[in-house]
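First up is the structure itself, then whatever we jot down about it.
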Amino acid sequence: MNSINETLIPKIGVITDVRIDTPDIKTFRVVTPDGKKAFDHKPGQCAMLSVPGVGEAMFSITSSPTNEEFMEFSIKKCGCVTDWLHQAEPGQQITIRGPYGKPFPVDDVFAGKDLLFIAGGVGLAPLRSVINYCRHYRDRYGKIDIVYGSRSKDDLLDYKEIIEEWSTDDGVNVHLTIDNPQEGWDGHVGFVPNYVKELGFDTNKVAVLCGPPIMIKFTLDGLCGIGFDKTNVYTTLELRMKCGVGKCGRCNVGAKYVCKDGPVFRCDELEELPSEY
Amino acid sequence: MRKCSLEKINLLFAEIAKNAELYLPTQQTDGSAAYKKWEEGSVWSNALNTVRSPKDFFFPQTENLMKFKTEGKSIEVVDTRNALDDFVIFGVRACDVKSFDVLDRVFLTEPVDSFYALRRSHGVIISLACQRPSETCFCKTFGIDPAAPAGDISAWKTETEIFFEANTQKGKELLEKLSALTEECDDTVVSEQKEKINKFMDKLPLKNVTTDGFGGGKTKELFDLPEWDELSQACLGCGTCTFVCPTCQCYDIKDFNTGNSVIRFRCWDSCMYSDFTKMAHGNNRLSQKERFRQRFMHKLVYYPENNDGMFSCVGCGRCLAKCPISMNIVKVMKKIGGK
Amino acid sequence: MQVNEYKPLIVAFCCNWCSYAGADLAGNNRLAYPADVKIIRVPCSCRVNPMFILRAFQRGADGVIICGCHPGDCHYTSGNYFTRRRMAALFSMLDFLGIEKERTRVEWVSAAEGAKFAATMNDFVQTVTALGENKRLEDLRCKK
Amino acid sequence: MQKITREQLLAKASELLSNGTVSCVLGWGLGEFDYDVTPTIFKSVEELENGFVFNDFCGANFSKYLVNKTAKLEGKILVFLKPCDTYSFNQLLTEHRFDREKVYAVGIPCEGMADIAKVKAISGDGIAAIGSNGDKLTVTTLYDDEAIVIDTNEVLAERCINCKSKKHVAYDELMGEEGDVTQSNRFDEVARLEAMTPDERFAFWQNELSRCIRCNACRDACPACTCEKCVFDNPSSGVENKSPANSFEEKLFHIIRAYHVAGRCTDCGECSRVCPQNIPLHLLNRKFIKDMNEFYGEYQAGAEVGSRAPLVSYTTEDLEPGEVFNRGENNA
């Protein structure tokens, strides 16, 4: 039924696994009813998931494109659709369409560079796909630093994967931090922007930021403060979206549509946009 | 060029309606005009234009996209589209014809909106020159000639006759089917009328409205102007301007649970509404000023930036006539563009 | 449509304290009333928002009846007095829009009036059956 | 023709602005044409002199603006209120929607405002200028050599033909002469509809409401609709459908809109004035007013601050909902 150019009619997806990451974030594994990946995507792209009768919402695809079996979505419980999804059990069908948006420039700009990923809270979700992509093609990139912070140890997303896989990789440095001291936590305590400044990275890296708006703002200021150039810093935006294809007008900021021209923006591109995001 | 006596106009309508659904502006009980399907006895309104724009034909206010049937954990997606018959829209003014170009650039660029494309491919547009433009008209600002409307067939009406000229293959085919009711003629009368209309155009009070100061790349310059406060202060936040506008194309996608299935439909939405950009975690346009600015920036800056300088306004004047507080794009253009 | 084949769908909003108990009593006493009466229990008849009534019609109801405690006997002292005014205004408005006035009704049924409950429902179902299907406040999307 | 002139209002506004009584003026702002006036905040005498207008097209009811405009205001705002606006003003005060201390209300007489649609129905499109002379409007068009003279009474807005009151019920200062509550025939049209058969009424409303484009102007202009979160904007209400998808949605919206202001509606007529599709929405409101007058005794919302609306009060002797119809039949 779905013709090639059909943009608004979704495919059926099946939730095959639900992983509880933090008290309010779950990671859902989604495949088509015949067990395949719904579509190919690039790191940083998004998909529209919907629950008929509840609504449709845009989520970043958390799993790496190199995973050819399924897609994963890390979803924080915060609205109608996400509330519903959090109650869903494996086997539940949902609808899925995509991929939408411009990916991170992993194959050109990032190639050969040292990479610095900075994430806060559920902001790790969109970065996980690009981090894993870069880890998969490890020889194409230089050193990888990951700074990830959250409210508490329990709120760290993908903690197991970070400790067991990312930290053990060659040339990958993981720096974790939590907002307040906590029993059983011997790592760094403090906010991400300050931690980034303390760590004081080489300014020739490409930095990728994702997290709550306030974290992005201060981290970006911090990075610029230690000499980063805005043309080397990337981030992702999130606005309300309905169509996903740059027509419904909802995510329009300046002459850009976040669903089509974003969600990945270089920070100097962002400066060209009116401050409405 | 072919002509037909106005006495025979109903025969002509009947002939068109034989092969396709015919829509034309008819008079409503309140005196205004609205596009209605022609049937025996329909009266063609002589109002300058309809309250609702003809964008409805290609981008209806409400349109079902699909249906979901859910059972237990599984979902079935049902395509609810029916085959569409050809239809003819008669009496579209030059500004509204141009508005289809504006919409085309949104819906027909990749990825093509198949719902819109399907309707667009089935529609034949018979445009009509404006004999008596209103004081609210400013189509000239956007390079539109109300004396020479585009469309598949252009038409000119005089006191006694109506003249037709086909512009496209679709138009030629339709005009051929009407050959028994029309006769070949030269363009003397039409040329005279064009001249007369152009004279009127020079008298219009809004003839000097220009797009100077607007266009792609002006975002930084215009976005933070203090004038937006003043312009938006009376805005009620209703959707009248967006809903009567022939070029406003923002939409919402919603689900309706009928009790036995879920219908997903799309409907017009307005950037003037407070919930337009509201998400679970906040709203990036909290004040009416921001929402008001978005509408005009989109029409006069953002759209042209993405569409080779074409503005998303055709000067039809509907918002001038219908805004409850008489704030409109002309006032915005004069206030801000003149800077 | 033959009248005896048509079974109207009736939504009855019943107040928890009187009418719902009245319906219970009707059941206990084996007093028959049509199964097509769908009872919705509400804490008080004044909980019934006009929107509930319209939405009941939208979703296929052919008649809507609101049952509460007798005036003066409201569990919350005055709830049903407000209901009385609100519904008077709403019913009059529905009538003004040309919607058959027989499709809506308010009845006061106490917990002891099981027989009245059954009789009221029988009477209401009969009235609505005579009117036939709700066409004027229907939502075609909700029809099967 | 208004009895009070622009110059008089301008002088008053300038005076109050200059002597510091008020910090800004909410008045009618000059438009592109003689009839499209925009509610405007004037902050200086110079702004007033350049932009303030008062003519036969100053219909907008300013009361609702006070809710927003006084919220963050330093000092007082001067507002001009026509008699009908003062009722909305009082009603908003009853509902504690704005701070009375921040408002300096000047009552102005009103001889009824013209409806531009009615003017255009006579003069045709292409209005170049509209002048006012006695009780005549002189309309110059782009197409006619001679000006068209129209009797103001012929083009009065519906709400002004059936003006309920020339008396101001609230003001700090009154300009011109005080009028009286008028014996209007505003319920005649409602009564005419009531006398129809249900089928006729249904057909009438089906036709009228079918034109609705659900722009929400009736709601957004209504001085009684000041909820911060409207049920029609709330996704969890289940009725937040943005479009009149079918005739049920149209009816639902308009019944509920009118119902939500029932007993609080002062019959200012803004809903019908702003409706782009000319739906006679005021008839729905007037039906409620007429009913409540008949069921529960005469009540005029906004006539005094603090009065209790019929739907938030009761007597033990009220008529039963079933009885409202018997009454109707007696009337018909």
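Letters A, B, C and D mark the chains as written, and numbering starts fresh at 1 in each.
One rule holds in what follows: a contact is a pair of C-beta atoms (placed from the backbone, for glycine too) under 8 Å apart; a residue touches a chain by one contact, two chains touch by 3 or more.
This one's a predicted model, so the numbers in the text were calculated from it and none came from an experiment.
In summary, the chains found to touch both subunit B and subunit C are D. With centres taken as mean C-alpha coordinates, the chain found closest to the middle of all protein C-alpha atoms is B.
Subunit B and subunit D have CA centres that are 30 Å apart.
Distance from the subunit C centre to the subunit D centre is 36 Å, each centre being the mean of its Cα atoms.
Per-chain Cα centroids separate subunit A from subunit B by 40 Å. Between the CA-based centres of subunit A and subunit C the separation comes to 52 Å, rounded to the whole angstrom. With touch defined as above, residues shared between interfaces to two or more other chains in subunit D number as follows: 235, 245. Counting only residues that touch two or more partner chains, subunit C has 139, 141.
In subunit A, the positions touching at least two other chains are 80. Those residues of subunit D that touch subunit C in the complex are listed here as 190, 193-194, 198-206, 231, 238-239, 245-246, 248-249, 251-252, 255-256, 258-259, 262, 284, 287-288, 291-292, 295-296, 310-312, 314-316, 318-325, 328. Listing the residues of subunit D that touch subunit B in their complex gives 29, 31-33, 36-41, 60, 65, 117, 121, 124-128, 142-143, 207-208, 211, 213-217, 219-221, 233, 235, 241-245, 273-274, 276-279.
On the subunit B side of its complex with subunit D, the touching residues are 28-32, 34, 48, 51-52, 61-62, 132-136, 200, 203-206, 230, 233-234, 236-240, 242-244, 252, 254, 256, 265, 267-270, 273-275, 320, 322, 324-327, 330-331, 334. The touching residues of subunit B, counted against subunit A in their complex, run 65-66, 68, 70, 73-77, 79, 106-107, 110-115, 216, 219-220, 223-224, 249-253, 255, 257, 262, 264, 266, 269, 271, 276-281, 284-285, 290, 294, 297-298, 301-302, 305-306.
By the touch criterion stated above, subunit C contacts subunit D in their complex at residues 50-51, 54-55, 57-58, 71-72, 78, 81-82, 84-101, 104-106, 136-141.
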